[in-house]
Amino acid sequence: MKYIATLNDKTFTIEINREDRILCDGVERAVDFRLIDQQHVYSLLLDNASYEALVQEREGEYWVFVRGYLFAVRVEDERERRLREASGERHGPSGEVAIKAPMPGLIVAVLVQEGQPVRKGEKLVLLESMKMQNEIRAPRDGTVKAVRVKPGQSAEQNQVLVVLS
Amino acid sequence: MFRKVLIANRGEIAVRIIRACRELGIRTVAVFSEVDRNALHVRHADEAYCIGPAPARESYLRIDKILEAARRAGADAIHPGYGFLAERPDFAEACEEAGIVFIGPPPRAIGAMGDKATARKMARALGVPIVPGTDGGLSDEDLMEAARRIGFPILIKASAGGGGKGMRIVRSLEEMPDALAAARREAMAAFGDDDVYLEKLVEGARHVEIQILADQHGNVIHLGERECSIQRRHQKLIEESPSPIVDEEMRQRMGEVAVRIAQAIGYVNAGTVEFLVDKDRNFYFIEMNTRLQVEHPVTEMVTGVDIVKEQIRIARGRKLRYRQEDIRQTGWAIECRITAEDPFNNFMPSTGRIVTLAEPTGPGVRVDSGVYEGCGITPYYDSLIAKVITWGETRGEAILRMRRALEEFRIIGIQTIIPFHQAILNSTRFLAGHFDTKFVEERFSMDEETPPDLEEVAAIIATLVAHRRGQAATHVARRAGREINGWKWAGRWEQLRRSG
Amino acid sequence: MFRKVLIANRGEIAVRIIRACRELGIRTVAVFSEVDRNALHVRHADEAYCIGPAPARESYLRIDKILEAARRAGADAIHPGYGFLAERPDFAEACEEAGIVFIGPPPRAIGAMGDKATARKMARALGVPIVPGTDGGLSDEDLMEAARRIGFPILIKASAGGGGKGMRIVRSLEEMPDALAAARREAMAAFGDDDVYLEKLVEGARHVEIQILADQHGNVIHLGERECSIQRRHQKLIEESPSPIVDEEMRQRMGEVAVRIAQAIGYVNAGTVEFLVDKDRNFYFIEMNTRLQVEHPVTEMVTGVDIVKEQIRIARGRKLRYRQEDIRQTGWAIECRITAEDPFNNFMPSTGRIVTLAEPTGPGVRVDSGVYEGCGITPYYDSLIAKVITWGETRGEAILRMRRALEEFRIIGIQTIIPFHQAILNSTRFLAGHFDTKFVEERFSMDEETPPDLEEVAAIIATLVAHRRGQAATHVARRAGREINGWKWAGRWEQLRRSG
Amino acid sequence: MKYIATLNDKTFTIEINREDRILCDGVERAVDFRLIDQQHVYSLLLDNASYEALVQEREGEYWVFVRGYLFAVRVEDERERRLREASGERHGPSGEVAIKAPMPGLIVAVLVQEGQPVRKGEKLVLLESMKMQNEIRAPRDGTVKAVRVKPGQSAEQNQVLVVLS
């Protein structure tokens, strides 16, 4: 089975045919890969180098924490990659984006209005949680399509605060 | 000794105090809010009483309910920990009236120092240098006026404050109204008191504090200093003892000033005198915290003194077991505060359930933790979940141990600040001891080169997981069309950009 | 410094050594048998090599495979830990021949001391008092003859021995043949060498040992003593430093003797000189362990010296970083060995999977562990899974901390010795420091009164669980008819009898 | 629901009708009982006294570890207790007992022969495991009905070694 793994704009072609050997960009590597905790912790011996990784699936990617670094890796097989490329689908925050509350809290202030253009990183909402005020910022440039909360209101986790278009 | 102590707190510090009591043979009483029924401090205590709903104002800040629990349990003393009611003279008084020993300073001393603005006045009167600023109790208008006089940048601080809550840096008059409102709001939420005062911001300053111990018989000693300049939004993140900039002579001078202040107000029990140290190593009194500090373990590890046990003994009327000459700092200790905050996403607090937890152990490593595998992290309280403290013969060894310990720390289910600590511990400025209280915000970045071979490893690991999950790729394609959760994208993209 | 160190061991000690290397910036190579693929030391190392099937003789005792792994990894040094190949001069020699530094004494010194019988001769020549007994290399017939001459009770000890393996007490001539056979069998299994020798059993004796450090430049120092008299079947269970019976004068005399022995044989690296101390506080040399000891952490905690790091520095040719006068014992440290043995069932080893694990933390507590939640405990190796070490300003504080730490320790899935430790730590003789090496076997019992209110609590808890499980009672009735697993009954009934 | 809990030859009658109150031998107690770890660890607040217990079901009894002590508790409802008492069933190791290997290991010695009477606590088999020799002893008085292993042989976990009658 041939896969294409993409991270940090780099692409690795990885072929898995046997349990204990893989081809990574054509180079054979010995692998011994184990799930350690029945959940998310894996141990990999790669040509005897020992790596321990926490792997979580998020938004269709694999988040791999290894040796203190975090990587977001997209894995596809060849067919899917061709399909996606043919359809011209682009990944990234385009189209409408619903900005949600990352945790329950109190809306302290709403800093934007409907129709207002915003720049990436601009503050949208102040949310108080864990006794701290947390700034919810725009993930990209856009226009405020809707504001769904008011100051003084409580927000549930994942409640939509603002929609950008 | 006391027979039974109630701990009017939660989290790691409640567990810390329960441990001290247990080692002294004292029974312990926990109090808990409704969301904390399964919290670690409830599990560790001998008895536990529910004192109300989740919000602190309805539970951990309710003096009446805590005293009722103490009466029901027959507790003869109360330890307030830090935060919550720890620096509220009315609480100490209420304990006294109820015939229960408050393990902390007398209400008068809390009042004298708890109001940070009054404390500044007193220090000035003692001839202790202080940073220019205002008294407390002023209106917004008066504070605006004073700010103009003192000059910017300026610091707004909560009179009842501590722990960076209700603190704001202001760089111009225009920012003042918003900053005042925010600081007062935070101060009210954290301490139930929205009074603030101003202090001139000394650029390039370090935060160094002296731990003191005072008994009821007039004996006061200090346990040396702690360096707490690694902060973010006025929240200490890394502390160490000794401080890289304090030598024996400076330690003695700072210690003497701290002892003098404590004596002047008839201070009893453990306390911390905080100083600001400028680039020329001049030190200025800023405030005194009349309670146990979060960072007390670094002092314990270099002096061998168990500060919490000593607090209990002092409250019981015992004489200090140490004279000043018995106190010696051996080696170096560093503490990293582990908070449930995502350093890859603007330090956003993270809530959820800890599904996997493995805390570091081994030589020279101490963990003071308030969590366990399977426990939930709620949005109601401070985001501090644990502290890792390492000791070494030298600062270098302590740092290398801390790196090793953080590598071993596994928390799954919530995001934590650990990667941030790892980046700090790798920064050359930190290693060299060259930093001030603005280091994190102004001169530190988490951008770093990713080792290219690790990228390949991550690609291989992700692919092996996907391969195991069989139809993983199909799954990805199906999900890609769904509505996207903005904030996660934001965090992710930022991370990709950083590591790209 | 070394670039890469291979650790020829497993379990907690391999993890301990990996941590030391990591803190020194040295890369680490683990070796593992087929059942140990997921073991903690493999997870912690930078590289890992499989060296064969589960039985130690086919893996951890295979010099050829370990050296092959070292060559493949490009390791420049090997740390043997304790047990396995740690005291095999042929292994140290093979390392030397392969151009790999052996982190331990020169083969000659291992030989001189590794053969315990020869060591006795040498000590006698140096004028150091020894316990009456025989040399090694004798036939069973000769040993029978010698035993008759020395008089009973007598101790059979493995010449290549250590850790109580291959040791037997014999009280009469009739018991000798069986005991000799058993001792030789165990010695062969543990060390691959079945030679034994005899020592007169000194009744009421304590086991006290001196830790020494020696560099390649002729400097030898000692780090004070460890008290290791709490043993069962010659297996140390609890160790402490200092010893309750050693004062400064006796410490100096013992330390000087230990240093003299080390110097006499040109000893280099860390080693331990073991003494037997009789009721009148006379001490007799018994043997020298030419390796790191299981109980080294108690010395580390009172002296602040990281013995494993010092071993590595010494092996690299560095001079000792300490002179004798730099070494000071501060406070008191105690270690409890946590083994997978069931104290309610004749200390039967327990195997299985650890499904829940919470190790104690907090002030003054160190845990050196070789296990993690979810890992398996196999029957192939030593039953030691972790060590809890506590430090206190006084012996009392260290003991109370240990009690607190053991109360916090949660291991589910296997039986452990923890309840035994708890009983020891509650016994008045232990608290008073009045014990000898026979204390556990002859004068200690796990029988104790059960607090009656706890019986009611247990009844309520069991009933609440049964109630939750709904048809629990029916379930019980159904199971009662099944075939009964004898050994479990045995343990249970014994327990019921004890607590009844 | 009324239960009878037995341990150490003592009997407690426990009535559970509500979530937060029980009657124990007629005395009302406030209870707050939670499973902490989704497995075996429970937290009990009994009239505000906090207990943490590990509970394992073994051989039809509940083994409760609490505050360093171990209790084996039998729990029955009233009907079952009556039935058991009526049938005269006695609990305890009577009838045939199969002595099994508590762990895999090597049989070093078999110390009894078929037909031999043995006393409770007498050594039956020496089993080497974890580098130690472990004595397998008789759980009660009886007669060796069968010896199922020989010295030098490997034993699997739970393999029957000796049968007593």
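First chain written, first letter: the chains are A, B, C and D, and each begins at residue 1.
In the analysis below, a contact is a pair of C-beta atoms (placed from the backbone, for glycine too) under 8 Å apart; a residue touches a chain by one contact, two chains touch by 3 or more.
Just so you know, these numbers come straight off a predicted model, no measurement behind them.
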| item | value |
| --- | --- |
| Chains in simultaneous contact with subunit A and subunit D | B, C |
| Pair sharing more residue contacts (C-beta pairs) when C-D is set against A-C | C-D |
| Whole-Å separation of chain centres (CA-atom averages), subunit C against subunit D | 31 |
| Subunit B-subunit D separation of Cα centroids, rounded to whole Å | 48 |
| Centroid spacing, where centroids are CA-atom means, of subunit B and subunit C in whole angstrom | 39 |
| Shared-contact residues (touching 2 or more other chains) in subunit D | 37 |
| Multi-partner residues of subunit C (each touching 2 or more other chains) | 372-373, 407 |
| Of subunit B, residues touching subunit C in the complex | 15-16, 19-20, 22-25, 44, 297, 300, 304-306, 308, 330-331, 358-359, 361-369, 372-373, 393, 397, 400-401, 403-404, 407-408 |
| Residues of subunit D defined as touching subunit B within the complex | 32, 34, 36-38, 43, 45, 48-50, 52 |
| Sites on subunit C touched by subunit D in the complex | 165, 182, 185-186, 189-190, 233, 340, 344-346, 348-351, 355-356, 379-383, 406-407, 410, 412, 419, 422, 450-451, 454-467, 472-477, 479-480, 483-490, 492-493, 495-496, 499-500 |
| Residue ranges of subunit B in contact with subunit D within the complex | 30, 37-38, 42-43, 45-49, 72-73, 372-374 |
| Residue numbers on subunit D that touch subunit C, as the complex places them | 1, 3, 5, 7-10, 12, 14, 16, 22, 24, 29, 31, 33, 37, 39-42, 44, 46, 51, 53-56, 58-62, 64, 66-77, 80, 83-84, 89, 91-93, 97-100, 102-105, 108, 128-140, 157-158, 164 |
